[in-house]
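The structures come next, written out as structure tokens.
The same chain A turns up in both complexes below, where it pairs with chain B and then with chain C.
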Partner chain A sequence: MTMPFTLRSGGAASWALRLVAGAVLVYVMFWIPTQASNGVIDTCITALTLMAAAMALNLLLGYTGQISIGHSAFFGIGAYTTGILVSRYGWSPFQTLAVAFVVAFVVGALVSLPALRIKGVYLALVTLSLGLVFPQLIKAPKMEWLTGGARGLDKTGFKFTKKNPTYEIFGWNPWGNLRGENVKPFLYWIAMIIVIIVYLACRGVVKSRAGRSLIAIRDNETAAAVMGVNLAVTKGLAFGLSAALCSLPGCLSAIRTGNVTPDSTNLTVLGAITFLIVMVVGGAGSLWGPIIGSALYVFVTDRTGDWSDKEAIPAVLRPFFGWSHTPPGSGIFAVVLIALMFVAPFGIVGMWHRVVRRFVKVVPRPAGTGTIDTPATAPAEA
Partner chain B sequence: MSLLRAQGLTAGYGPVTVLNAIDLEVNEGEIVVILGANGAGKTTTMRAVSGTIPRSGVVEFDGHDISRTSPDAIVRHGLAQVPQGRGTFPELSVEDNLRAGAITRRDGAGAVAADLQRWFEQFPRLAERRSQRAGSLSGGEQQMLAIARALMSRPKLLLCDEPSLGLAPLITKELFEVIERLNAQEGLSVLLVEQNANLAMHMASRVYLLETGRIVASGSAAELSADDTIRKAYLGF
Partner chain C sequence: MELFLQRLADGLSQGSVYALMALGLVIIYRGTGHLNFAQGEMALFCTYVVYQCGEWGIPIGLALPIGMVVGFALGAVTEVALIRPVAKKSPFAVFIVTLGLFQFLNWLDGAIWRDQPLPNSGVGSVQQQFPSLFPSKDTDFITIFGADIKLQSVGVFVLVLALTGALFLLFNKTKLGLAMNAVASNAESAKLVGIRTNMVLMVSWGIATAIGALGGVVFAGINHNVNLTLMFTVFIYGSAAATLGGFDSPGGAVLGGLIIGVIENMAAGYADEWVGQQLKVGVAFVVIVVVLLVKPSGLFGTAKVERV
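Up next is the complex of A and B:
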């Protein structure tokens, strides 16, 4: 079969495509906080939060093959570390990110201990119990002095007052007055930077020797071990890093809303399942999968957010959703998930790859040092 | 000098003991073949040596006691295993499979790339398919890949667990030629488990005969084929 297009990986055309995609991405990235309405910016922050969490989970589940239904706990560790340090000890929110990273890393590495012995469904149950226990632990009466119990904590974000109206970066103030609604672009950039950090961390790991060990463990644990992959250490690091990265969007949620409660969605098992679903819909085991899945999820739930009111539903769709008294966003997404598992088991990114391969022939980069340009055809004798 | 020496090696799975205190030796530059029927404990021997199952007894490799060493540390000592069946990583490309074999190495990207090049020259069919998913290769190609991947760790001893499993006779022959060539040219020592006795005997320096977890006979290939009862019972000619 001849392909209409041929693309040489690392060639000029491939770089041009990347450049265009990158330019569009950067343009959108700057367009949102400067031109869009506060409502749109707010929705984008929600999407970015979900993206970071789903990417962190992807590192563990998509690449290492270790299932976790308890990542809401790591998200919560981030939220509460920031909440406690800011509201009780008066830290600056940014400083708390590093602490949350370390705390979540340690907890994540500890959770990896059962993962050394159990797999699949059993590991899912252990992590599920972590997700279930976390909000209860926060609400426990003996922890109230620290966590604020069921009421949670408030004043966990930035405090902009008349005297101190902005956040300056070494004396440079790109924001103007940050009081009231003006704060949205500022929060947007914090979210964007967290997403970029998580993306770069995942990319750095996945494209390296460490990433190959992770995938090796996922594909064939025994073979990985006899290739010299230290299973205990590698799984521990994967769990720890995934947990630590997942805590960052948690910190963000505390900074953004200015309060932390143990029952907010992302801190309960429902949150962990949301991370899981958007990751799978986007494409597990691919760098862009969780990003696309999260964007789609937030888009769908945001568009259908006011559909509990019959009048808000477009007339064509009213017969389908009119009976519902709650927004049908998650329901629609669930249907999308089932349909997608049927037609594209590798998610949206997997489907994209399959479609592209029909039209474009991608010629891979030469191996190793790039010394082979044409593969040897004669069998090596001698 | 003996490269690998196992004494009183006992191993099994949970309550079941499969290997009963076997003694085993591989000298430098040798191809040692373990023959035996199904369930004799051949694969268990391999696993016990590479440390992937609990074992007792003494295992020494290249002057180190590896009786209590973890599998990844054993690889670092220079012992690589080609697991039974097609132990490749199906979702990784052929090239990344080979790179995964170099995980233990710390001698720099240049040396790894040079080795990659070298094995691509030795196995031209892998070079042609280097960016394909390993899962899409044929059985023989996957077995070649598994061997090349094990060699990427620059082992002194290669453990091969039934490389002929599920392969056409012609492919098996080709595979064995590769192993012989590596042994002759690179001085690679090989411990090979096989059911295909006739083929394996041809290239073996020494042979162990395993029966229900015990070594019942050992010696050079010529000695074993000279013994009438052994020949009839195990070799079938």
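Up next is the complex of A and C:
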């Protein structure tokens, strides 16, 4: 069967497509904070937070094959590092990001030690209990002097006063109005930068030698070890980096809301499960999977957020969801997740690839460093 | 001494609930080799069904069997419709499906019954509290060596022992039990000698979920309440119990549950400065990590030989 279209990876058409997609992305990236309403910006920050967390988890689960249902703990480490340093010691929120990164890296690397022996669903069990223990540890009486116990910490964000200047570039103020309460664009840019950092870190790891050893561990641990992958070091780094990256959106959540409590959703096991679900729905083991999954999840939960009130449901859908006492967002997503396991185990991105491959013949870049027109020469037979 | 006995009794009654949860996990694991992460939420759904029966005026003695039948149906349907088709693809897919089921059931409970339907939330409810299987008023206790032991604790403990005995008979003295053992030891060979493995697996999931339902009702009865987060910690204690006892040993699961219940209560009671009520769940975490690291097959499980 001949394909209607042929696309050479690295060819002119492929670069043009990338350029168009990149331009659209950048346009949207700038459109949201400058043109959209505050409510929309706020929803976008929520989506960006989830994206960063899901991408961090993807590095560990999607690429290395180590199941974690405890990433809420690393998210919480980020939130509490920022919270404690800002509210108790008066640091600037930006400085705390680096500290959170280091702390979470160390804790993540420690968690990788049992993961050297414990595999598969048993590891899921260990991480699940870690996720359950974390909020309790925060609430423990012995920790109260540091973490504020069940009440949590407040004043963990930026202190904006009348003195803060407003930055303008030819009449355009990219950070929003820092003088008043209207600081959403500013927070949006912090979130966007964190997402970009996490994306670049994941991309850098995945497309390198380290990434190939992660995938080797995922596909066959014994074979990877035989091929010379150092399991202990690689797993330790994967856990550490994944935890460290996951702590960044945690810091963001503390900066954004200005307070940290042990019972906020992203710090509990339900948060960890949400990270996992959006990642798998989007496509585990693909760079764009978590991004698409998170965007979709936040879109659905935002649209259906007020559906516990019957009047808010569109008339067509009222018979389906009118009986529900709670917004149906998480239920819908759970059904989508289960359905995807039947039809497309690699999520939306995997499905997209399958559909595209039906119409477009993608010629991969030849192995080695040659240009696209000279196919890599096969090694001569001895 | 009185304090010790009281804590022991509390530990044993809590441990009984963990034992029930662990039994459900073990029965499923023996059959299919899967860890059912939705076990706690399936039990919670049945517990809400029992609550609803109470709202309709059905006494708990009748509501409990209804809840367990619903649990059996839920487990059987889950195995046939969701787990079996996906299990052919990969174990990871089964894990994701059970996790999806976890999220779905948790949402469904909230959607139908709200988070906390009992009077403490102000939502109209006929019942004042979740009905208990055993007398649970403040005056219902017996005194042993000066310690006041609640009748409820005694009742729960006896119930679990009776159920364990019944399961022992089921596994060892009936055709069905024999078939389940055969499937557990080698599914392929069992099929070859004419055992209907599909039916056995379906029934295993059904029984496991029905036992989970019993655990949920007992636990809600102890707490006088049912809410959406009720089973999170119970599930993790149950998993810890199954890990400790060995994932393929029902007797080990019961013993593991009781041990963990006692350890947890003793740790919370005697080390209340460090552990206390808040960090009780840390006991489960430590038990899971230590057992998996030191003796992954648990106390009574069979060690798995891995072939490369």
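FYI, the second predicted complex is superposed on the first by the 354 of 382 C-alpha atoms of A that agree within 3 Å, B and C clash if a C-alpha of one lies under 4 Å from a C-alpha of the other, contacts with A are read in each partner's own complex, and residues count from 1 in each chain.
The rule we apply is simple: a residue touches a chain if its C-beta (ideal position, glycine included) is under 8 Å from a C-beta of that chain, and two chains touch if they have at least 3 such contacts.
Keep in mind that what you see is a predicted model, and the values were worked out from it rather than measured.
Engineer: Return the chain, chain B or chain C, that is in touch with more residues of chain A.
Structural biologist: C
Engineer: Go through the superposed model and pick first if A:212 touches only chain B, second if only chain C, both, or neither.
Structural biologist: first
Engineer: Please indicate which partner A:194 is in contact with in the superposed arrangement: first for chain B, second for chain C, both, or neither.
Structural biologist: neither
Engineer: Which of the two partners, first being chain B and second being chain C, lies in contact with A:342: first, second, both, or neither?
Structural biologist: A:342 contacts chain C only, not chain B.
Engineer: Can A:222 be said to touch chain B (first), chain C (second), both, or neither?
Structural biologist: both
Engineer: Looking at the overlay, what does A:137 touch: chain B (first), chain C (second), both, or neither?
Structural biologist: second
Engineer: Who does A:285 touch here: chain B (first), chain C (second), both, or neither?
Structural biologist: Only chain B is touched by A:285; chain C is not.
Engineer: Pick one for A:326: touches chain B only (first), chain C only (second), both, or neither.
Structural biologist: In the superposition, A:326 touches chain C alone.
Engineer: Based on the superposed arrangement, let me know which partner A:272 touches: chain B (first), chain C (second), both, or neither?
Structural biologist: Neither partner.
Engineer: Both chain B and chain C contact which residues of chain A?
Structural biologist: 222.
Engineer: Mind listing the chain B positions that touch chain A in their complex?
Structural biologist: So the residues of chain B touching chain A come out as 50, 52, 70-73, 75-76, 80-81, 83, 87-92, 95-96, 99-101, 103-104, 110, 112-114, 116-117, 120-124, 127-128, 130-131, 146, 149-150, 153.
Engineer: Can you list the residues on chain C that touch chain A in the complex?
Structural biologist: 34-35, 37, 82, 85-86, 89-93, 95-97, 99-104, 106-108, 110-115, 232-233, 236, 239-240, 243, 273-274, 276, 278-282, 284-285, 288-289, 292-293, 296, 308
Engineer: Which part of chain A faces chain C closely enough to touch in the complex?
Structural biologist: 67, 69, 114, 117-118, 120-122, 124-126, 128-130, 132-133, 136-137, 139-142, 222, 269-270, 273, 276-277, 280, 323-326, 328, 330-331, 333-335, 337-338, 341-342, 345
Engineer: Considering only the defined contacts, which chain A positions touch chain B in the complex?
Structural biologist: 209, 212-213, 215-216, 218-220, 222-231, 285, 364, 367-369, 371-372, 375-380
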